[in-house]
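What follows is a set of structures for review.
Paired with chain B in one complex and with chain C in the other, chain A is shared by the two complexes that follow.
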Partner chain A sequence: MPELRPTPLTVIGAGPAGIMAAHTAAEAGVDVTLIDDNPLPGGQYYRQSPPEFKFSNPTDAQSGRVDAPSVLNKLPHPKIRTLHKTLAWGVFDQHNLALADGEQSFLLPTDRVVLATGAHDRPFAFPGWTLPGVLGAGAALRMIKTQWVLPGKRVLLAGLGPLQLALADALIKAGAEVVCVAEAANPFQSWKQLPKFWGHWDRLQEAVTYSSALLKHKVPFLFNHAIVEACGREQVESVKIARLDGQGSPIVGTEKIFEVDAVCLGYGLLPSIQLAAAFGCELSFDKRLGWYSPIHDRNMESTRQGIFVAGDLTDIAGAKVALLEGQIAGLTAAHQLGAFDKKTLDERIAPLLPKLRSLNRLADALREIYAFRPGLTKVAKDDTLLCRCEEITLGQVKEAIANGATDVNQVKLVTRAGMGYCQSRFCSVLIAPHVAEATGRDLSDLSPFMVRPPIQPIPLKILAADAAAKAVQ
Partner chain B sequence: MATDEKIMADDLRIQQGITREQPFHIQVNGQTVTAYPGETIAAVLLAQGWKMFRHTLLSGEPRGPFCGMGLCFDCLVTLNGEPNVRACVTFAKPGDKVERQI
Partner chain C sequence: MKTDVVVIGGGIVGCAAAYYLGKKGFQVLVVEKDPAVGLQASGRNGGGVRQHGRKAALPLAMESVKLWATLEKELQADLEYSRTGNLKIAFEEDSARDFERELAWEHENGLREVRMLSAAECHEMVPGMTSKALAGKLCSSDGIANPMLVTPAFARAARKLGVKFLLNTAVTGLLWQGSTVRGIKTASGEIEAGVVINAAGPWAARFAAEAGCPIIIGPGRSQLMVTERLPHLFIDKWVTIRGLGYLRPTRSSNLVIGSAGTRNDQFSNHVNYYSIAVQAERLGRLLPELKDVKIIRAFSGITEYTPDTEPYIGAVPGVSGLFIAAGFSGEGFCPGPLTGKILAELIAGNDPSVSLTPFRPDRFADAIKTGIAVPPVAYPFDSICKVWLPDTNITYSELCN
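After this line comes the complex of A and B, so read on.
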């Protein structure tokens, strides 16, 4: 593979955390390489519309984020080499990153790394969830806010958390009919969390604005309800929701049916941990997320020296926390590369910490209110696919366990679940709770699927482009 | 342009607050479809109300865009003869020939 000019610091992911990490280190004099697989920087939060679209409201070009320019204007930067449309698909001995663009694969020798790989929609398995027209809430938001196309005309939203409200608001404004919002949590039972919102008036204001839009359009907004089935021949035509009991399991006899042409699933986000795992960063299980994130210290350094993590990858705490964590990671990496001494590092980080603590309190409250309850895994039936790619059902997973598989990796070896296109991003979290239940272990005692490069499928012609070129010569 | 206007009227594109550039055509399973510069192939198909992009190889069940960020590979189409192209991260170009893998 051809090799790129070595770089002292590589930042992977050009969302809020990655941009701030790269910019902070570059301002301290460090040469940075910023890698992102999208055509434009911004990540998901500040996702930019194609430059060919013109808007009457300029913030619409940046997913409607008013503060986007203050972050996006940090690029380009003379000390930052940005590689867009480039995927980091693996790492060799911690200092050689394997990259691929649309043409070929290449190596990037690097000293330190900041991983800011973000998050993706948490999958939620129920009968019919693989039908066309059933899509992630994040996917729907991206389709509306950056492509300006509606995912459907009659839409039901089901999920967990405030992203649903933002999506319902966006759908209504864009002219779609929202037939129902099914919220799996019951925020009113979580009044003890309210003091943590003190001072975060902007977030409360947002919630009030979105809720009043739902009221105005008379959209049924049902707490303690989850989607239990989607039906249709070639695409979703109707959907069933049900009320949940204290454990989050659907209660038989409480079902309601809606006719729809699209369903958006907003059951929260999961940290995209694949690269962190490939680097050998230790992961820890977060009970409220019900999933793993990389362990880090106060300086955002992972358990691997010189490998930092920042943003939603660490905790799903949102863009404001990501901006601060990115700065802290960038400053610490710059210090380790000799840009300034330890005393200066501490002085520069100190003013960021109170803000980070306050925002983390809020994120904690939200994680508590919108925790993924164990009963929600009961929605999947034996013939429901858990692995979309290799088409492995819950029944097949149970059979593998009955035949002796005791962890998710053994289930993978027996069934092929997790070996397909998505490289276990979506099925790992669906399979693990069933393994835990069947083997009588705590979910936190299991480990996620092993990660091997490439962490995303790459056409062989791109991997072999260099060899092919040499063969022609 | 009469057919285009008809498509415009009931497609799923958001019209208010946005100005798109001059549209062009692509072929989807032999049918001529309007696309605008900057649109992904997934957006062009979804704008038509087409949610099913392919059938799976194993069981043959229908699939369409799910993650919308290039991770799940459910939106695969054949583009200009090349199979398994992710429609959600691939921009449409004038003259593209798209086959929904159905």
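After this line comes the complex of A and C, so read on.
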């Protein structure tokens, strides 16, 4: 990568929020750099099949979502420079973004930034969760819809939320047998949320379509059940699920066993907050999520001026909310860069807000119904791994706390949990609730693991290549 | 609030001093500006427990290594201490000559476990190097411990002895009664104490100046990269490569790639992008097999340097009740525990077990007061790295600041 000319706006993540932010600002005349680590834009929601794949029906390549073409067709754009296969791996001196492509690392000075880094599957630890054949629902959906590969032939789904229905439907259509869907929520306890669905007929229709597909194939759908164990030698061969009590803890004696060759876990999504934290944006604890997301105002601006956040990074509210939030962030950034005045900004944002409010009401209801219940952490046993990179068990974490560790970072120092390949991106959410419980503190009082560069591992030679290039000059 | 001894700074020296004072029955309070102990250089260094290459501090380091042998038992903690040996490799004539000079000094002082190595031996101990080594020097009684465990272990053991810790609290000044120190000031109030220990590392100069015994200390940077776990660790000991930094294995088969001894004018505890890039480039050229290895994290801490690279340790002359231990010039981890023990001996009125003459706190005071021939802070990595950047006119520190 030669010296890269900085642009007034940098957008990180080419999913719905990122594409909309970049496109909106570009249409207002702002030069934009759009950065994404995938070979094609779209993010998770509009993920496209690899460019090497050939399709007789071109829409098959575009994730199957009906609105995909209208979003994906916004690119390319003359004002948007898109850097594909480029990882944003750190922030230096507050505004220099460290990027790495397949060749080398380089620094890109930024001015205004929209972070649209999305979300990742929430890990869920239980005995046997690291067996081959146990995978995240997001990963499974990606395998089916873009790689055209089935994760297994006999599949059990366990998790929280409507994504499970969509996945079950996709699995059945692709020819797998879904042996059971274990839904940890109990929607009948959340009937108060029902009015919030009023008006969202498309979403209800979606639910009906998926549910009738399950009914047609006689797939057992069990509310208030969670996975408690996966067994197998080389890979998963059977799973155990159990009914949950009011706190979400499994009830002994209610277990059911299924023979399977794959398990898809969809215990919700967590915002990918690492880059926001690296930029120094303040995070707040979301009780229903049981985790952190960046604080932002009505215009999607974070606590750092000129740094915006949009999409699932802020609230896990889905693609439609992401598109609107991206648009608002893009408009505000363009206004700050002098594309138009405050009055125009307000006029352009005003019509978006009612839509956003309505969608957020629905997202709120879903978050309430599918909140991560504290009892679900009870599924892990003392010999269950919480940090799979460093192979640290719940028992070791408890021992560290018994020996005086009082927060997540101290547990990390003593046990090495969180020091491995994932750099605690996945395990911190598994470890923190146990630290909170054992120390008698509220989960929201614990500070999360510190974020350090690189946010994702980078090969030594990629970093070295920049210094080599500089020395030549 | 009132206590016998107040320690400014919860680094390895401060926590060790608190522990040994607590053992002697003193009431001790450690005041630390960070939310936990050992968050700066004490916890963010390579973890070298090393003797060779020391100048005046060699006897202190040798006694320290004896103490390290008993430390895990003393603190009832796993510190991952191991006498792995410590190898230094030179690729230039003048570095090789330095090794000879060091060796003569070390043998004179009774450090027998150190010897020169042939180029062939160096290549055997660090397989895969593409440049031909000129000479090596190995100290077999040197070793490694995990710095992230040691300071917290001292703090834990100290707490059991009744030592108190005041975290998230910056010391703003000293309390005086004539020329006697009688405590400290913090943002949240005054703390009275018969004795104050200034173990504030790079921040020690302000308290020394307030006491009329100015010292020269400059902030430096200790920076580390950690690789993913390697299926086959090709080194089993600490390896210093002149002009590159150091490499060391961890117990979990990661490789730590570190450097220390560069200027850090902003007291930054953030990683400097160009310095890790330059180090990665050097390392990739020397050991091409590491090129595809992934870096999983990088972090840095603030260290401190003095003009002669020796620390300031002892009672502050002309002031009653004030002691200092700071300025370790990137080499405070190994002597940290013993320094804490020596401070406890001094405060209890005993003679120190190691001569502190080379570490007199007032050795630059006259120069500073008169402004004549004030020596500059010596950043050792900086002078080494002039060799590194032959095509540019800038020093390594300038690149990194």
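Structure notes:
Keep this in mind: the second predicted complex is superposed on the first by the 454 of 473 C-alpha atoms of A that agree within 3 Å, B and C clash if a C-alpha of one lies under 4 Å from a C-alpha of the other, contacts with A are read in each partner's own complex, and residues count from 1 in each chain.
By definition in this document, contacts are C-beta pairs under 8 Å (C-beta built on N, C-alpha and C of every residue); 3 or more make two chains touch, one makes a residue touch a chain.
Model, not experiment: these values are computed from the prediction.
Bringing the complexes onto one copy of chain A puts chain B beside chain C with no clash.
When the shared chain is aligned, chain B and chain C each come close enough to touch A:P457. When the two structures are aligned on the shared chain, A:Y421 is found in touch with chain B and with chain C.
For the combined arrangement built by superposing the two complexes, chain A sits at the apex of an angle of 90 degrees to chain B and chain C, based on C-alpha centres and given in steps of 10. In the superposition on chain A, A:A98 contacts chain C only, with no contact to chain B.
Touch criterion met: A:P50 reaches chain B, while chain C stays clear of it. When the shared chain is aligned, no partner comes close enough to touch A:A322: not chain B, not chain C. In the superposed three-chain model, the partner touching more residues of chain A is B, compared with the other of chain B and chain C.
In the superposition on chain A, A:C281 makes contact with neither chain B nor chain C. In the superposition on chain A, no contact is made by A:A185 with either chain B or chain C.
Smallest inter-chain Cα distance, chain B versus chain C, after superposition on the shared chain: 7 Å. Shared contact residues on chain A (touching chain B in one structure, chain C in the other): 390, 420-421, 457. Those residues of chain B whose C-beta lies close enough to touch chain A in the complex are 12-14, 16-21, 36-40, 42-43, 46-47, 49, 51-53, 56, 58-59, 61-74, 88, 91.
Across the interface of their complex, chain A is touched by residues 36, 43, 148-149, 152, 156, 226-229, 252, 270-274, 276-278, 280-281, 283-285, 290-299, 391-392 of chain C.
By the touch rule above, chain A contacts chain C in their complex via residues 90, 92-93, 96, 98, 105, 107, 390, 403-404, 409-410, 413-414, 416, 419-421, 423, 452-454, 457-461, 463-468, 470-471. Interface residues of chain A facing chain B in the complex, by the touch rule stated above, are 37, 44, 49-57, 60, 120-121, 130-136, 138-140, 142-144, 147-153, 174-175, 234-236, 261-262, 388-391, 420-422, 425-426, 456-457.
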